[in-house]
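Both of the next two complexes hold chain A, though its partner changes from chain B to chain C.
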Partner chain A sequence: MRVTWASLLPVLRTLPWPTLTAAGGVGLLLAAVPRLADGTAAAGPALDLLRCVALTGGLGLAFLLDDPARHTTAAVPVRRLARQALRAALVAPPVALWWAAAVLLVPAEIRPPVGDVTLEAAAVGLLALAGAAAGVRLTDRPRPGPGVAAGLLAAAVLAPLLLPERWALFVPADDDRWAAAHDRWALLLAAAVAAWGLYGRERLGRRR
Partner chain B sequence: MNPTVSASGLSLHYGRTRALDEVELRLTPGVTGLLGPNGAGKTTLLRVLATAVPADRGSFTVLGHDPRTARGRQEVRRHLGYLPQTPGFHPGFTAFEFVDYVAILKELTDRRARHREVRRVLEEVGLGEVRGRRIRKLSGGMRQRVALAAALVGDPGFLVLDEPTVGLDPEQRMRFRELIARAGEGRTVLLSTHQTEDVAMLCRRVLVMAGGTVRFDGTPAELTARAAGRVWSSTERDPGAKAGWRTGTGTFRNVGDPPAGADLAEATLEDGYLLVLDGMGAGVAA
Partner chain C sequence: MSAVLSPAPPAADRAAAAGGARAVLALARFEARKLLSSAPVVLAFVVYIGWIGWRTRQSFAGYPALQDADRSTQAGPLLVGMAVLLSANLAVLRSRRHGTEDQFAVLVVPRGRRTAAHVLALLPVVLLTAGCVTGQFTWEALKPGAIGHGSPAELLAGPLTVLLFGAVGVLLARLLPVPSAAPLLSVCFLFVFVLGAFSFQGEGTRWLAPVVSEASTTPLPSDLIGRPAAWHALYLAGAALCVAFLAVLVSGARGLTVKAGVALTLALAVTGAVAQAGGDSPALTAARERATVTPEKEQTCVERAGSRYCAFPEWVPRTAQWATVVDRVRSLTGPAAHDRQLLVRQRIDARYGPAADSAIPPATRRDQVTVGTAWGGNRVPEFSTAVAAVLVAGSEAASDTMCDGRMVTVMWLSLSWQDDPVDALRRVRLDDSVSGAAIVLSPTDPLTMTEGQTDVVRRLLQRPLAGVAAKVRAHWAELTSPKVTTARVAELLGVAGPGKADSCA
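Presenting the complex of A and B:
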């Protein structure tokens, strides 16, 4: 706990703020489109826009674990998962505020169910973090973010096209499958948390 | 003397490539040099010993702690300083802030004591005057010293240095040698390098690696002795030599099996190293 407290400020300074700010700015611009569109936007496009906003947030979070000093701090006693969790905890409040602002920018009359769409956004964000953790564990790169972001973007483009009907995630709000789709989003979120927990740990040598 | 580091059967594969192959090792206090060509497995061995990557097989202990358990690895890291081959930094940090950050990650949580320790190591590496300067404004040699200070912070008993003098000019290299020699007083230092002069000047012991295995383990004098009577001068390139090159005086210096009546020259550590790599001097001396 004392290490966490002492490392708050330096870790805060090591976060990729320019990337996160850029992603956040693009996301807010996207969220503002219905208000800028003379009130002609419908509920369907508003949902798609919020999904794009969530994706931009996820793309920004894909860079969260980038660390140019990775190799210099490779052999310190503080565990990698704890260091990653601290980074995530530090960005969580601004990300939550950002998401709230994005949702509020969409006019109430066309706003999709906030809880469900927030679940989607959380799943995307945690998938990005799990991908970033995998990038750290499986590669030697100090900055795995670009590759992780590219993978997330590709997955977001391909998933609606390739996922079979019974696994559909991107369904309209008035669709009968909405509730079932969000059960799947919840599962995806749980899987992302588990994957992050798995990839965030450092491997131990085999005992033979 | 009890070894600081004791390794047995360390092996590591990257896909089908055998990076480490049954490495046996015992390191005691003082500076041990690690020589070998590119791809010999030096950096892999250092990364394994620094607990940055785990071995596929085999075991090792650092000061009696086994890093194959989470607790053991944490204990090892509490006694370890690691300077990687390509140290990275947060360029917006000052030298002081960066070493302080590493000190926090090394669990030095008492602010006053930690700052004292950070100032001490920065003084030790000669950066006391520029500790408030941002890393992006430091020269390559100074950055390397920041990385060394980060490795030294917390006074670790085992120091792993991966090619710390690469890319430094001769004056900076001399300065670094001085720092490493001082760091080796009372602690165990494993120094990977391509510079045979560094080993000759600094190391009490030398290991030569090739193909993921240790080909030689002995003192620098023993490595040099491998080439005794196997170095000769000639006016023409000797086709029978394992290696030969024209020197500044115009004569050729040859290393290998000298012909009868050859004009033998004094062997150097580099000659011994070349012969060990060639297989002629293979074998473990100590």
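Presenting the complex of A and C:
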């Protein structure tokens, strides 16, 4: 545990802050669109908007586990999952603040149900982290971020197009399927956490 | 890992010029292969081609108007464009990612030319998209029910969008060489161009988006659509090439050709952007007004089996399908209506162009039936209902207020000859029900069915056609008299009557 605390500052320094800031900035810019576009806002677009904002957040988080010093730090006594969790814990407060700001930027009268949309955002963020963890575990690359981001983007574009009716995730707020869809989002969140737990472990034994 | 980082050696300019073009082409070929086989592009093409196959099989209910079918090829390439943006961006950043940027500096191909190669590598993807667009449109055009004319400029929009997005990906990699930039930009594009939320309200700015869709689903004659498709294609081509030249320029190639290219393509893009924002010309507005108010001056009429069919010139081939419906309905009527000469006239409300659909008022002239511009699917029972209503009530305006037993006759005439009459009944009703009161759609104002009428019609449709037809012929005069009640009609046709008396609230 002491070692984990000791690695706090170095990890804080190696986090991809510029990428996270850029993603956050783009997200906030998108979230500000209804306030900038005067009076034409409607509830349907506001939901799409928050989903896009969540996606920018997810894309930022896809780069979170990028570590140029990966091969050097592999030898430290702290487990990889703990190091990754530490990274996530360090960015969690600013990310939460950022999401709150994005939600508040959307005018209250067109804002979709906050709890459910936050669930969607959390699922997207954790999917990104699980993807990044998989990228770290399955490849030798120190920066798997671009591939993970591309995968997340592809999933976000294709899922609304290809998911069959029974598994619909991207439903409008006034739809009957809203509650069922959010059960599926919760499942997705749980699956992402499980996948991260699975892929966050160091691979034992030699590859190839 | 141990590459020595040193200032880039001066490029050998003269020697480079000679071998440069060949080297650029070789690099472009290599990058094109890489791009075509990159995961996002392959995935996008698989989904795109799958979407074409799945959608075109059933699009436009098998009766496409080609002036609409050309526009429907534009949405798919956005997906490909997004993937190309991402992959082209990653390809340009590859040398940075692998730390080989400095090794490249000693080669014969300087940075600007390498960027040019990346831009040229977009061409095969663009051509492949063009092939897909052509395939989709040709498929629509070869359908037996196809009418109208497609516009090549509308077909160009898809491939040019892919070129534009790819060029943006290359430029972005040169301006902002970080791997997170392209995904973030893609999200913005997704939000602005695909979801189309909060964007581009004005007529001029609306056309700045690469793909401009229309709200209306009713086909219009091609000369009344009034989309500045050719200017838009010029704008897209200018913008795409301008972005491409800019990417080469910011990579350090400051030659005269590049600068002239930027200036020229910028001029093209601006010309297109200004020209496409012009709005509807007075002549177009007048033509739309004419086609809406006095369609008889624009239409071609043909005589088929004793009835007259007047359609806008592009729709004349479709009169055969209308005639089939009219003949089927008329063959079921009594002798008095058998020889009635109907005038089937195509009417549209083109005054708002493709921006909005609006209802068409019923025709007041006796024996005139209105038909729209769309066909196939639910349009067939709707038209059939209008024909039956005119044969029973005399005119469309008179059938509008019909609330008596004649409605049963109308619906039976309209539906009984169809392949699955009860299903046709469901489709022609607004709420897709086969019991209870409901609105019945027709090309003009809708009709209403009460609960009792619905029950009687359903019972009639479940009986064999020939038996009911004989009774309809025998009692035609009484069945079509305005005073007949639903209960009396049921009695005449030999089925159980309605539970309640008619009342159209």
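Following the convention adopted for this analysis, the second predicted complex is superposed on the first by the 204 of 208 C-alpha atoms of A that agree within 3 Å, B and C clash if a C-alpha of one lies under 4 Å from a C-alpha of the other, contacts with A are read in each partner's own complex, and residues count from 1 in each chain.
Methods note: a contact is a pair of C-beta atoms (placed from the backbone, for glycine too) under 8 Å apart; a residue touches a chain by one contact, two chains touch by 3 or more.
Owing to the predicted nature of the structure, the values given are computational and were not obtained by experimental measurement.
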item: Three-chain arrangement built on chain A, chain B and chain C clash or fit; value: fit
item: Touched partner set for A:19, first chain B, second chain C, both or neither; value: second
item: Which of chain B and chain C A:191 touches, first, second, both or neither; value: neither
item: Chain A-centred angle between chain C and chain B, computed on Cα centres after superposition, in steps of 10 °; value: 120
item: Which of chain B and chain C A:60 touches, first, second, both or neither; value: second
item: Touched partner set for A:78, first chain B, second chain C, both or neither; value: first
item: First, second, both or neither for A:158, with chain B first and chain C second; value: second
item: Contacts of A:10 with chain B and chain C, given as first, second, both or neither; value: first
item: CA minimum distance (chain B, chain C), superposed complexes, angstrom; value: 5
item: Set intersection of chain A contacts, chain C complex versus chain B complex; value: none
item: In the complex with chain B, residue positions of chain A that touch it; value: 2-3, 5-7, 10, 13-14, 67-79, 83, 142, 202-208
item: Residues of chain C touching chain A in the complex; value: 39-40, 43, 47, 51, 79, 82-83, 86, 90, 93, 97, 178-181, 183-184, 186-188, 190-191, 195, 197-199, 201
item: Partner chain C, residues of chain A touching it in the complex; value: 18-19, 22-23, 26, 30, 33-34, 37, 40-41, 44-45, 48-49, 52, 55-56, 59-60, 62-63, 143, 145-146, 149-150, 152-154, 156-158, 161-162
item: Chain A-touching residues of chain B, taken from the complex the two chains share; value: 47, 50-57, 59, 67-70, 73-74, 77-78, 80, 82-93, 97-98, 100-102, 104-107, 109, 111, 114, 147, 150, 160
